[in-house]
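Take a look at the structure set out below.
Chain nomenclature is as follows: A, B, C and D, assigned in order of appearance, with residue numbering initiated at 1 for each chain independently.
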Amino acid sequence: MKFLPAKLERKLHRLKKHSRSPLKRKLDVMHENARNKVFQQSCDAYKDHKKSEYECRKRTTKMAGGSRETFLSDGSFHQSVGRVLLVAEFFAMMPVKGVTGKHPGDLSFSWRNVRTGFSLVFIASSLANFGLSLFKVLNNPISFNSVKPIIFRGSVLLVLIVALRLAQQWPNLMMYWHEVEQGLPQYPSQLAKCQMGHTIRMVMLVGMMLSFAEHLLSMISAINYASYCNSTADPIKNYFLRTNDEIFYVTSYSTTLAMWGKFQNVYSTFIWNYMDVFVMIVSIGLAAKFRQLNNDLKNFKGMHMAPSYWSERRIQYRNICILCDRMDDAISLITMVSFSNNLYFICVQLLRSLNTMPSVAHAVYFYFSLTFLIGRTLAVSLYSASVHDESRVTLRYLRCVPKDSWCPEVKRFSEEIISDEVALSGMKFFHLTRKLVLSVAGTIVTYELVLIQFHEDNGLWDCNQSYYS
Amino acid sequence: MKFLPAKLERKLHRLKKHSRSPLKRKLDVMHENARNKVFQQSCDAYKDHKKSEYECRKRTTKMAGGSRETFLSDGSFHQSVGRVLLVAEFFAMMPVKGVTGKHPGDLSFSWRNVRTGFSLVFIASSLANFGLSLFKVLNNPISFNSVKPIIFRGSVLLVLIVALRLAQQWPNLMMYWHEVEQGLPQYPSQLAKCQMGHTIRMVMLVGMMLSFAEHLLSMISAINYASYCNSTADPIKNYFLRTNDEIFYVTSYSTTLAMWGKFQNVYSTFIWNYMDVFVMIVSIGLAAKFRQLNNDLKNFKGMHMAPSYWSERRIQYRNICILCDRMDDAISLITMVSFSNNLYFICVQLLRSLNTMPSVAHAVYFYFSLTFLIGRTLAVSLYSASVHDESRVTLRYLRCVPKDSWCPEVKRFSEEIISDEVALSGMKFFHLTRKLVLSVAGTIVTYELVLIQFHEDNGLWDCNQSYYS
Amino acid sequence: MKFLPAKLERKLHRLKKHSRSPLKRKLDVMHENARNKVFQQSCDAYKDHKKSEYECRKRTTKMAGGSRETFLSDGSFHQSVGRVLLVAEFFAMMPVKGVTGKHPGDLSFSWRNVRTGFSLVFIASSLANFGLSLFKVLNNPISFNSVKPIIFRGSVLLVLIVALRLAQQWPNLMMYWHEVEQGLPQYPSQLAKCQMGHTIRMVMLVGMMLSFAEHLLSMISAINYASYCNSTADPIKNYFLRTNDEIFYVTSYSTTLAMWGKFQNVYSTFIWNYMDVFVMIVSIGLAAKFRQLNNDLKNFKGMHMAPSYWSERRIQYRNICILCDRMDDAISLITMVSFSNNLYFICVQLLRSLNTMPSVAHAVYFYFSLTFLIGRTLAVSLYSASVHDESRVTLRYLRCVPKDSWCPEVKRFSEEIISDEVALSGMKFFHLTRKLVLSVAGTIVTYELVLIQFHEDNGLWDCNQSYYS
Amino acid sequence: MKFLPAKLERKLHRLKKHSRSPLKRKLDVMHENARNKVFQQSCDAYKDHKKSEYECRKRTTKMAGGSRETFLSDGSFHQSVGRVLLVAEFFAMMPVKGVTGKHPGDLSFSWRNVRTGFSLVFIASSLANFGLSLFKVLNNPISFNSVKPIIFRGSVLLVLIVALRLAQQWPNLMMYWHEVEQGLPQYPSQLAKCQMGHTIRMVMLVGMMLSFAEHLLSMISAINYASYCNSTADPIKNYFLRTNDEIFYVTSYSTTLAMWGKFQNVYSTFIWNYMDVFVMIVSIGLAAKFRQLNNDLKNFKGMHMAPSYWSERRIQYRNICILCDRMDDAISLITMVSFSNNLYFICVQLLRSLNTMPSVAHAVYFYFSLTFLIGRTLAVSLYSASVHDESRVTLRYLRCVPKDSWCPEVKRFSEEIISDEVALSGMKFFHLTRKLVLSVAGTIVTYELVLIQFHEDNGLWDCNQSYYS
């Protein structure tokens, strides 16, 4: 009777991949015990942590109470971008209803809404303005510099149309964000919750402030310039003749048209800046979600976690990837317009930088504007590259998974991270990563070098040139 | 007696990779049951779906009946390209017999066929024309612009020869397509079946229409131009002296030669356009096969499928990859000629764009032609990049395979997709992906920038220049 | 009694990764049987094949008999390159003893050998010639074109020194080749054995013939040119004053020096061509070894092979990779010199191509030389890229391994192929792949475009320019 | 009774992945035995090796004894860089206390330390100097060449500030190095221990010697130049007016200011060279750690090692990777400044190289300086690329793990090496690998080609140009 099991035992042993010597086996057992203890401890620690966290959260919510609750962000992207979108709607972009609501379910889009109407009217107005610009440009010799107004107005128009289409998808997108956010690990503290919203608001504020400052400076410089090349006695008329030359190229001067032109300019400038800010904001949101996941993984770095833990994290990671993909599909045209615009305007400004400035006001405006442009481009690039960077950070924690916790789920997780390229893109033609920033910078520097090498004063500041933007 | 199995049980337990605590084990059992239920349901759903699909198909076929059957596509690539190839044969390309037959088995190539004869005669005629062009070009100073006729006629000649060689392989290739198509999951509906054929026919139609329009405009502009630089009193003679200058550079004017030259021009233009259309059509076909597979995977996304399901799909995917490879081997020379041609002609046209146009007819023709050229290049690039894009989409569905269905087969499948680069190529020197489009666009823009920067009017429109394409 | 096994059976069943329904199990059993049968058959087929192969080989060897044996190649790299190296030794390169021996064990290097002495003398002579060239160039204004002689002579000198160092390593390298070749699967036929040797000899022959033709043409054109710019009455003196201007820049004309200069020119030209041929030959050898392995895998494509089969193939593949690495370490400096030389000379020739030729003899020589240069560069690029291409082909056969033969060894094999980049390299700075060819071609075309755009006749053909390469 | 186990046996057999024929099984058993023997032998060899190693080490330490102990390096990075950092501190960089201590625990940073004070004073002084340079440059027309002084002084200033910040992190970084080094396999001999320290000291010595030689030559050439464009009668005054033109552009000549200017120049030149040397030293340190690990793997190449061996090595590799990451975060700004500086200065020097030199002293200085610059850039590039190269070498040993030792740990190890990109970086915008060197070289060559093509003497050597670097 004893014979049988012994035989079986031997056979069973040989099934184990590597037959081990008794000494090794003992060592393994010792390790196993030690590991189990550590695992138990980490499990207990996890439970305690979770418990205290939970209570902390309960307390926070209680403390917050009635009136304060409205101020407290729940850390969702929907709430964080609410006011940003409200400002955009004031400038005729993305006419979605309910952007400041508490729940993404309140979002809706309707063609009959007054915002949509306003947006459509502004698109029509922009189209007219674009047509006038196009007419003026085509009736003059074309150069790299002279097409600036049509590229400016054309891209604003394109972004407006894309934003309208995006507005229709926005409620669904936000619902998906909401779902993904529900599934993610909880924020460790109220501070962490507010962080994303805070960053988004700061980016919006700083972006808009600088854009406003630039517009003011541009006005001062234009007034200066207009008086310098004064075609009429009226300084205001001079100014408008200058900044809205595409209108008065066709028709004679009229105050109403001048006002309309001014209105168009202000709104277009806002939208031109806003598209960069918008790409930044979406990037911040997506990167924040990856960071939320990474923070949880960081807490359990090097610990012995059950396969189900990894499975859960993998699915959460996958969900953020899908979210990233959907957002990219929705905004990639805006990203593309934003990037090519920035590239083109930097090149044009660098071309101008080699010419002598007609006045000090011009020089100040010019260098401020160039710095702002380069800074904004860098900011967009780096913020959008951060999505990719954050998505790779996850791998760092997976690398520290101990030998005994290494299971097929962790393997699958790490392989998926390695092979996926999670990043915002310009219509899938290029992915926004740090390497892209380098190659873009390289291109600009090369262009500038060639410019310097073969420089002659191109007279870009003469009075007949289209001035504004 | 009870002792033994208990001991064995323990041993068997230790065979399981991770010894689990009883609580966990219970959870696992619960999960297992839940999963089994879901799996059973999905299996039933699958069966029901299949059944209804089958009946639907039966009905459709019945409804179609006698005469309608001929119109109903079975969704095969062979049937979809039948008429496209027939048109090509009319223009002396790819002389294969049986292209409109129902089964690829009817295809055959013979050197004695009248189509082959016609093709060979046309190749000889093209060769003569090419020789004349070469003679004229070599007897004049060479420049980037002046070699245009020999590049045009040379690539047409090359494509003709490649097409003849391709015609010999076509029956075998179509048989392989047929085999691969037989193995693929069924189309869900008759609509899905027709889609590929429809797209192919539309691409052919639009491509040929635009090419025809461009040729007409070119004729109008040439007549205009001929009368402007009138060397003789006869306008028709003027026109032919202009458009076939390579012939009348050697010999004096004769109506027969002029007719031959015209015939050559019309046919060459068709073939020059057709090579792009052909690359697009093959790309559409390959992308459609990947899409067919992806649609099936999409239906079962996130469900618990048996390993055999994945094994089957993997083999189908592999077959399409091999098909892709074989097609690429067969047509990659055409792809390369098509791409380099487009690149060269865009550069030449951009060089010309900086010169002042001699007349309005020229300007209209020129901008139409440039837009057509860029549009066609973009279309070829994007359609051929779609093969690569579709081949990567499969991965998205594999990412959603639930934990319990994750088996070695799925792993192997996903690893193969990650490591393979499935795409059409230009003789393996470059793969046709979206990144390529960007780098090509970047190259063209850089060239244009350098051109603008150092522009002087090169007098490309003077009367002594070779005019036609 | 029946209870126990049933229980065990259930437990054992649960060990199988996916519990399957009875219907599925039956299907599996059916499949299993079918597979076993196929496997048995393929095994038998394999044995039969091996047996017949063996007998065939025995017969071949017998048939060959005494005298024919010496002509029969055993397919080893050592035997294939024997005569090629002998020719090189005649031109003072790679002084290894025993290159035409039957076994690599006969190879040896000694500093006292007469070949080594000849090689050292020639290096000294080349150094003197290089010094004279350097002196002449430094005493004239430096330009992209004028440094041609020092780049030509400098790289020949560098290659000579590297070849001397390589000669010391050659016996060891050949022994390693021999070992790797011993481990590889047998050639299927005598024809396959001879193929590599045949290709190597053809490449050597064609390369040397063309190089000889080019040298003859260069002499004719130089004689022509010398008479055109005749400085003295003696045509032979004129010729030598022209082709060895670096010598007679320092000293006055003397026939001995002229003979020395001519000797140097002939030898340098040979070595300059030989370095390309050598890179090609090594590439052919390495690619042939990968092909030998691939052919074996192709024979068993899609069959059920034992893990030990895959393990064996993996180790053989690994050995070829290590061989590739060692060869690359040994010759990568030659590869780098060869590549940069070709790139530089193509650029210089293209620069010259824009100038008007002084005579028809020049034009013929120039275009022949340019075509030869571009053709040789392409040949080196494509042959060396073929090593990388062949190393990737292996993957294609691993993709077709059936589900049941998919074992950890196959997985490891395929992962190693995917992650390794097996290719010759230019000092690890660049790997020789098909993509490189494209980027090099792109660079040259861009350079040519810029040249054409800003072309002015640089007077590169005037009489005071150093003429000979 | 016999029935049961037989049945079980069959079942157990079917658990094995591939049922094998009896013949195969016997072969397997034979292999298994052979393997076990080899394994036992290699284990014994390992133990013996370890033992002898241990004794050898004990003896060495004993032999070393009291006084010699201080000279004997323990092979740690901290001890190796001690004197290098001491020199840096003398030049006001990285004011850390205890750099020459035996243990990294002795390191400390304090704002109140005299070194920190000196460093801060020098930063303030540099800032003043930078301001003066900026003032001079902005008051003159800007060109690629004229901004040289501000780029030189600006980057020195930036590096000084970064070094101050780095000084604060240095104690922690060194402690982490210490920990990683403790965990690594022991050095096989005392020689191996000293190697890294030796290389570091040699790089420092050679770098500083060459930099000193260059500064001397620059002084001689400046004195020469100053006397040539003598503005005053006093040669010393002339010299200082020339080399510190940014000071005397604002104020009139004074000996104290001249001394300050000279002091600034000497220190700035040192720091400008030191940043390259520093990047090299860190690279050498990191590469040495990878090499230490690789040497251990090399010793056991192809042997049967227990999974725990691989697990240990994997964790050690991971630790070096993390160390690499932390060092990169700390110094990547310095790396970036160093690289862009080198690139800019090479371009400027090449631009100057086309101009005729005013004197022989200039020519000598110029070519020495250019060679030194290119050599230093190459050295930095190759040393920093060696980190990446060494990190990939590990893979080579994993490829040779025998079939039976192939375990999940080895698999995980090799996959991690494949997917990680371990290298120093320039703020993550680019990784320092050999491919980067090629692309940088390509960029420089292209720039030089364009320069040569469109060269006109830019008069960069006239007397009004800012002279000193």
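Throughout what follows, a contact is a pair of C-beta atoms (placed from the backbone, for glycine too) under 8 Å apart; a residue touches a chain by one contact, two chains touch by 3 or more.
Here the structure is a predicted model, which is why all the values come from computation and not from measurement.
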Set of chains whose contacts include both subunit D and subunit C: none
Chains contacting each of subunit A and subunit D, listed by label: none
Equivalent interface positions on subunit A and subunit B, same or different at half: different
Between subunit B and subunit D, centroid-to-centroid distance (C-alpha), Å: 49
Chain centre separation (subunit B, subunit C; CA means) in Å: 35
Interface hub residues of subunit A, defined as touching at least two other chains: 4, 8, 12, 15, 415, 450, 454
Pairwise chain contacts, counting only pairs that touch as defined: A-B, A-D, B-C, C-D
Complex contact set, residues of subunit B against subunit A: 4, 7-8, 11-12, 15, 17-18, 24, 389, 395, 399-400, 403, 406, 411, 414-415, 418, 434-435, 437-438, 441-442, 449-450, 452-454
Of all residues in subunit D, those that touch subunit A in their complex: 1, 4-5, 8-9, 12, 15-16, 143-144, 306-307, 311, 318, 321, 347, 404, 407-409, 412, 415-416, 419-420, 428-430, 443, 447, 450-451, 454
